[in-house]
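All chains are identified by letter, namely A, B, C and D, in their written order; residue positions are counted from 1 within each chain.
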């Protein structure tokens, strides 16, 4: 449960984008920030960390980009499409790179925490792409 | 919908705290980071910003503290109770100060976005207090 | 004074980029995160906040993007050029948008805090462009 | 080089604390955020990550707390001493825990990146204590 939808509905100005698309994207960004922080930690908790180094770095990077993007999209006053677009493009890339790495460990090493994290990254990547499409419309 | 519970369940090590308490606190922190970013923005979107200056500052501060606390609690490998406690105490204070200010604007100026934000802050304050109690147990 | 250069020199692996370019970019990102947080606050401290709404939003957005970019560039283990590039491109855009707005207020309203912030944004924009060039080389 | 002092001098309102103490603390927080991100990464870059797991977690936590504290102190409009105090106390704890761990690896394993990071953490811990004293005065 999050308050993202209620916060957007309570906003008294004009919302620049389709509300459902925006709420999904905001929620996906904050969720992915959390999943990636947790997955970097779960990787570190494995006995053999060596094969997980790239996964940890992709997770930490993705976490930071999602945090920034989720906040930028939460700001509707003086919304700047060029800023949203640039942040969303970086977020798509961060989520894609992290998802690919996590999916590899889920598949090859049967790591459940990487499977869940990849799911969260793919959701966020998709939500960012949908928001980019809505911005271009 | 968030992946916080699934991420914690997929963690292969020992979780330092009651899982339900921890998941609620993690989710509340990330949700409150978002609500406070959105409320600072909604305040800025009001015609007369002057009476909302304290609210904007409390929201920005609370957002930053919640972001840090949510991530710290997401890390179970080498969990350090003294770190969690210090972060949670700062988060209780940030949420309390922000909630009090938001509740004032909800009551006196009928600001719906401040009412929703206060709800999110009070949820997070409560979740942090519950986690502090669980840590002390 | 920062420890960015010493931290990079102490790194035992291979650094993916020219060290001087990288250190300047890392320092510029963290500095710009701080300047933009301070400028959003200085704007809020002005008697008439209305003409500064766009400046506050651009500063908050730039602060968040710089924070993410500064951290991503601080990670050399499993450095991923595609991630660095995407973050740097978003950071160039955030800094450019914020600098333009700050320069307007510095020029038209003689706001010294916006002048200093614009200087910090332009430094960071330049450092990000230089790092993008180094990445492409 | 940072713009923190210039930003504070350009602030047109009343600054709640001694300016030199505040600038040093703000700069130390942002610097420590960077050092700790870089040290977590340098630890991950070592051949044997196992003995560095606690160091990585302490660094990631310290980085997040410093980021929040540095921003909170950068906000002078509607400065709230109770918020600053709570953030500073958490930051002292984060820096102390991280410095102790880093000093151990610097001493026992001759790790230069941990020695530099410990220096940055101790500087930030000291600056936060000085700011707490200034707040209490």
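Structural remarks
Keep this in mind: a residue touches a chain if its C-beta (ideal position, glycine included) is under 8 Å from a C-beta of that chain, and two chains touch if they have at least 3 such contacts.
Everything numeric here is computed off the predicted structure, so don't read it as measured data.
By residue number, the contact pairs of A-C overlap by more than half with those of exactly one pair in B-D, A-B or A-D, and this pair is B-D. When chain centres are defined as mean Cα coordinates, C lies farthest from subunit B. Two chain pairs, B-C and C-D, are compared here, and C-D has more C-beta pairs in contact (counted per touch definition above).
If each chain is reduced to the centroid of its CA atoms, subunit C and subunit D end up 19 Å from each other. Subunit B and subunit C have CA centres that are 27 Å apart. Contact with two or more other chains is made by residues 41, 44-45, 53, 56-57, 60, 67, 71, 75, 77-78 of subunit D.
Put simply, subunit D touches subunit C in their complex at residues 1-4, 6-8, 10-13, 26-27, 30-31, 33-35, 37-39, 41-42, 44-46, 63, 67, 70-71, 74-78, 112-113, 115-117, 119-120. Looking at the complex, you find that subunit D touches subunit B at residues 53-54, 56-58, 60-61, 64-65, 67-68, 71-72, 75, 77-80, 82-83, 86-87, 89-90, 93-94, 97.
The part of subunit B that touches subunit C in the complex is made up of residues 40-41, 44-45, 49-50, 53, 56-57, 60.
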